[in-house]
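Next come two complexes, and both contain subunit A; in the first it sits with subunit B, in the second with subunit C.
Showing the complex of A and B:
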C-alpha cells in the first residue's frame, strides 16, 4: 500500500519512465507520452486536493530524511507551477501530435518529419521530468541536477529542426545554460561551505546576512538571470526560440524560462529575503524595467511573427522582475502572488501564441508579418486564439495579466514608487502596439487574398491553442482558487481583496 | 592551509574557464572552457569536504562531485555533437558554393 505522500513522486517518475519508454518503443511513443502527460495532470490535481486537506507535504525519497536525504515537497507556489505545467503539457502534447502528422502528410523533405517526431517525444518528456523535479525538489543540489536536465533537453529540442541556424542557436543555448547552471552550482558550494546543509527548509531557518550568503546569492542569481533571459542577458533567446519547431518554441518560451525564474523567485522570497539589502531588490527591478522597454521596442521592429513573439517574451519576463522591489517595500504578500499569477498567465498566452504562429506557418509556409492578411478566412480559430492571448499580454480584464499588473500597480502606488508604475504602463502600451501590429493583419481579408486549403486535421492544431488562450483570458475570473493555494503562511486578507 | 590553496585554485580555474567560454569564438574552445569551469568547481567542492575537528572527511561534497562529473560529461557530449553537426553543415554549404562557382566558370 502506498502512502498518500508518495503521490509527490508521480510527476517526476511517470514522465521519466515515459521518456525512456518512448525512446525504446518508437511506434507507441506518441500514446505513451500523451498518457504520461494526462497522468501528470491527474497527479497534480490529487496533490492540490491533498494540500487543501492536510497542508504542505514532504516526501523523503528512499526513506532518507534530510539533511542527508533528498526530499520532495509541495507548497503553494510549487503546486501552481505544477498544475500550470501539467495543463499546458497536455495541450502541447496534443498540438505536437497534430503538428507532426501535418508535417508527415506534406513533408518538405521526405523522412525528416518522422525523424524529428521520433526524438521529440523522449526529449519533451525529459523536459517535463526536469521541470516537475525543479518545482518539487526541496534540496538545492538536486535542483542543480534538474536545471541541467532542463538545459540539456531544451538544447536538444531547439536543435530538432536540423537547420544550420537552429543548430547554431541550440549550441549557444546549451553553452549559456551551462554557464548559468555552473554559476548556480558555485553558489550551492558557497552555501554548503557556510551552513553545511543543502535542504531548502533548513537553509530558510539558518539564513542570515553573512558575506557567504550574499556571495552565494549573487552568483546564483546571475546564473539564473542568464538562464531566464533577463535583459541584458537575453541575447541567446530570440534565435533559439524563433528557429525551433512550433511545439518546441511553445515549450521553451512558455515553460523553460519559467523554470529558472521560479527558482530565482524561491531563493529570493522564500529563503533569503531577510538577508538581503534593499538595493539588491531595486537592482532586480531596474533589470526588469530595462527588459520591458527593450523587449517591447524590439518586438515592434521585427518583420517575422515568431521573432516578434520571442521578443515579447523578453518584455513580459521583465514584469516578473519589477515585482521584486514592489514586494520588498510593499511588505505585503499581494505582490508576491501577483508574480506567480503573471507567470502562469504569460505561460498560457505565450504557448497559445507560438502554437498559432506554428499553425499559420504550416499553412502559409512563411511567417512574414506583412503578408499575413487573410488568415481568418481559413483559420478562424487560430486567429481568435492569437488575439485572445494578446489580450493577456496587453493586460486587459479579465485576463491573468490584468490581475497581475493590477496588483503590482496598486503596490507601487500605495508605496509611492511612481517610477515602477510608469514602466508598467509603458510596457502595456508597447504590448498593445506589437499585438495589434499582427492582429490587424489577421482579421483583414483583402480581396486578392490567395486561397489556401485548410488541412483536414488542423483541428488538433487549432483547439489546444484556443483553450490555452481562453484559460489565460479568463484567469482573472478564477483568481481566488489559485490564490487560495498561495494563502498558506500568508495573511488571509489577500484572498478577500481579490475575491471580493 | 592546503585546504585554502585547493579552494583558491578551484576558483581561479573557474574564472579561467569562464573567460574562455565568453571570449573564445571557436565552439570547441568554448566547450573546453566550460569543462575547465566545472573542474574548478569540483576542486573547490572536494576542498570543502576537509574537516578540522575530526579525522574523517565529509562525504556529502564527494557525492556531489561524482554527480557533477556525470552531468558535465553528458553535457560535453551533447555540446560536441552539436558542434560536429554545425561543422558538417558549414562544410556542406561551402562545398555547394564551390561547386556552383566551378559550374559558373565552366559555363562562362
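Showing the complex of A and C:
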C-alpha cells in the first residue's frame, strides 16, 4: 500500500486528514481521531524499525528535491520525539474521550460540552500534524509553517473552555505565539538572504560565525524562547495552561512547548554551534537557572492545583536550557540524550499530572490544594498517578528525569561548572516541596471526608494518566533503547559538531 | 537466566508482587490480604535463607543491567548483603504478623500493607546493591515508600512529621547524589569491592576525597540518625507502632548504617580510608551521637520518644565499630550490632505498641504496675532493655564485648570510655522503666483498656515480641555456634581483614 520510505509522511498526512474529516463529519470524530492517533504511533514504531535497519532516511514529498521541494527526514532525536508524541497522543485521545463523555453526562452544562468536543478533535489533530511536521521537517521554512500550525491550533484549544478567563488567556497566547513565529520568520529571511538555501543540512555545511548568522539565530531564538515560555518570557503560560480544559492543558504543557524547544535545541546544536561564542551558551544556562528557581518558588505559592502544575512546567523547562552550557563544554552526544530524557520524561509526567488534576476537578468541582484530602477514597489510581509523575519531576531514580539530571550533573562536575550542579539540586528540592504539598493531601483520607460517587466511565480518565506516569517513572530502566537510537541515529554532521 | 539470578529476582518479587496485588484489593478482603502478606513474607524468608546457604558454600550472585555508558544496575549478594537481607526478611515476617494484629479493623489497610511490602522490597534492594548507583536508586526509593506509612494516620501531626522526614531524607539524598556523582567523575564507575578505589587517586585528590567522604556520610547519616541529622526520627514516632518497628529495626535506620558500612568498607576500602585519615572523624561523630542520643533519651517521658533517642544512640555503635575498621574485633562488634540492635529494638517497639494498643499507655509516667497487667509483654520488654544496657547473656553484651576488645587491641581508650558512659546512661533510662513497670503501684485505671480474652493482648501482638525477646537471649548464648549472627559476621569480616 505504502512504499517503505513514504511511511515517513504518515505521521503528518494521517492526522491532517483526520483533522479535516473530523471537522466535516458531525458524528464519529472521536473514532476518526483515535484511529489516527493509533496509526500515528504505529507509523512511529515502523519508522524506528526502518531506522535501525537502514539508518537515517530522507524523503522528498512529491519527488521534488531540496532546495525546491518539501523534504522530510528522520534521525535519532526526531524519532524519539515522534514516539513520544505518538504514545502520549493515544493516551490523550483516550482521556479526552472519557473527559467529554463525563462532562456531557452532567446535566448542569447542557449543550456546551458537545460543542467543545466538536472543535476539540479537529484542533487536536491539527496540533499533532504540526508537531510531527516540526520533528520531521528538514527545512527552516517548512518548520515555520508547522510552528504557525502549532501556535494557532494551540490557541484555539486554549480558548475552548469558553470562560472569559480562558479566552483572555488564549488571546494573549495567540499574540505571543504569532510574535514568536514572526521573529523566527525574520531569522529565516536573514538566512535565506545570506545563503539562498532553507535546507537544514545545507545550512549546516555553510554556516560560519558571521554577524549575519548570529543576528539571524538571535531573532529566531528569541522567538522560540518566547514560544517555549522560558523565564522571563513565561508570563503567558500559567493562565493559558491553568484555565484550559484538562486534556488541553495536558497537550499544551506536555507537548506544545516541547515542539519549539526541540527546534531551539536543533538550531543551536545541529546547525549553528560552531558559529556561536561560549557566552551565548552561558546566557541560555542563566535563563534556565532563573526559570528553575522562579518557577519552583511560584509553584510553591499557588493555591490551585492546575496553576501549581503550570508553574512547575516553567521550572522544568529551565532544566532543558541548563543543558546548553553543559553541552558546549562537556559536549558529546550524551547531552542530547540528557535533554531528550528530561523532555520526554517531563512530557509524560506533566500530561499525567494535568490529567489527574482534570479528573479531580471533574469529581470535586474545584482544584483548591488545601481541600483535596480524601480524594484517594474514590480515585486511588489518580492519586497514585499524580505521585508517580511527581517522582519524575523530583528527578528521583529510576525516572527519566533522574537519568537526564544524572547526565547533566556528570557533565557539570567533570568540567567543574559547580554553579549549574547546585542549581540542578536546588530545583530538585523545590520540586520535592511542591510535589509533596499536593501528595500529602492526596494520600490521606480524613474521617470526615465527603464521599463522592465515582463516574462509571472514570476508568478512561484514570488509567491513561497512570500509564503515562508509570512510563515516566520507569523510563530510566529502559534507557538503553532510546540511547541506542541516539547513538546509531545521530546524523553524521551532528556527531562531528558535538563530538569535535 | 541462571538459578542464582532467578533467586535474586524471586527474593525481590516475593514482596513486590504481593504489594502490588494488595494495592488493588478492596478494603474488605482482609483474609486474602493477610494470607498474601504472610505468604510473601514466609516465601521471602525461605528464599533468603537458601541464598545464605548458597553464599556460605561459595556461590556468587551477580546480576547486571546496563542503563547507559558507565551506569549499570548491579545486584550482588555478598555475605554482608546476606546479613542485612536476612535480618530484614526475618523481622519483616514478625512485623507483618504484628501489623495485621495491630491494624485490625482500622481503615486504609490496603494502602498501608501495599507500601509496607514495597518498603521491604526496596530494603532488600539496598542490601544487595553492588555499586553506588544501585544503592542510591533503592535508597531514594526507600524514602518514597516509607513516607505514606509515616503519614498514615493523616492527622496534622502526622503530616508535619512526614514533611520533616522528607526534608531530612531528601536533603540527605541530594547531598549523597552530589557526592556519588563527584566520586564517579574522579574514580569512574566502580562496583563495591573490599579494595576500594585505586590508591593512585589519593596522590592527586586527597582533599577532595576527604570532602566527598564527609558528604557521603552526611547523606546516609540522615537515615542513620547521626547527630545533628537525627531530628526527623523522634518526630516520626507519630506513625503506628509497626511503622516504628520498620523504621528502627527493619529498614530505614538500618539502611543508613548499612550505607556507612558500605562506604567505608567497599567504596573507599579500609586501606585507603586509613591513608586519608578519615576514621578518627567517623569515630568522633559516632561518639558524639552515642552520648547525645542517650542524654536526650533520659529527658523523654514519651515511651516511644525515649526509644527513638535510644535508637539514635545505639545505631552509632555500628559506626563506632566501623571507625576501628582496621581492628578485626571492633569491626565484628560493629557489624554484629547491626543485627543485634535490630532484634532488641524491635522487641522494645512491639512492647511499646502493645502498651498503647491494649491499655492506651504512651508515657513512662503512666506505666506504674503495668507488669502485673501485661506480664509477658513486660518480660519481653525487660529482656530487650537488658540487651540495650549490655547485660549478659543477651546479644547486647556480645556487641559491647567485641567493641571493647577492639578498643583494647587498638589501644584506643576513648572507645572504652564512650562505651562505659553510654552503658551507664542506657541503664539510667531503661532501669527506671522496668522498675516502675514491675514494682510500681497502679494509679487509677488504665487510660484506654481493651480486653482480648484469653491472652493479655491480641495473640498477634504478643507472639512477635516474645519470639524476638527469646532470640535476644538465645543468640547471645549460642553466639559461638555455627549459625549465630556472630558466626556469620566473622564470615563477613574474612573478606575485609585479609
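The rule is simple: the second predicted complex is superposed on the first by the 483 of 500 C-alpha atoms of A that agree within 3 Å, B and C clash if a C-alpha of one lies under 4 Å from a C-alpha of the other, contacts with A are read in each partner's own complex, and residues count from 1 in each chain.
Methods note: a contact is a pair of C-beta atoms (placed from the backbone, for glycine too) under 8 Å apart; a residue touches a chain by one contact, two chains touch by 3 or more.
Keep in mind that what you see is a predicted model, and the values were worked out from it rather than measured.
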Partner chain(s) touched by A:159 [first = subunit B, second = subunit C, both, neither]: first
Which superposed partner A:89 touches (first subunit B, second subunit C, both, neither): neither
Touched partner set for A:133, first subunit B, second subunit C, both or neither: neither
Subunit A residues touched - subunit C or subunit B, whichever exceeds: C
Which of subunit B and subunit C A:192 touches, first, second, both or neither: first
Partner chain(s) touched by A:445 [first = subunit B, second = subunit C, both, neither]: second
Contacts of A:288 with subunit B and subunit C, given as first, second, both or neither: neither
First (subunit B), second (subunit C), both or neither touched by A:180: neither
Footprint overlap on subunit A, comparing subunit B with subunit C: none
Interfacial residue positions of subunit A with respect to subunit B in the complex: 68, 141, 145, 148, 151-152, 155-156, 159, 164, 167-168, 170-171, 174-175, 178-179, 182, 185-186, 189, 192-193, 196, 198
Touching residues (chain side subunit B, partner subunit A) in the complex: 14, 18, 21, 27, 30-31, 34, 37-38, 41, 44-45, 48, 58, 60-61, 64, 67-68, 71, 74-75, 78-79, 82-83, 85-86, 89-90, 93
Touching residues (chain side subunit C, partner subunit A) in the complex: 23, 65-69, 71, 73, 107-108, 111, 136-137, 140-141, 144, 147-148, 151, 154, 158-159, 162-163, 166, 170-171, 173-174, 177-178, 181-182, 184-185
Residues on subunit A engaged by subunit C in the complex (per definition of touch): 334, 337, 373, 376, 380, 384, 391, 394, 396-398, 403, 406-407, 409-410, 413-414, 421, 425, 428-429, 432, 436, 440, 443-447, 476-477, 479-480, 483
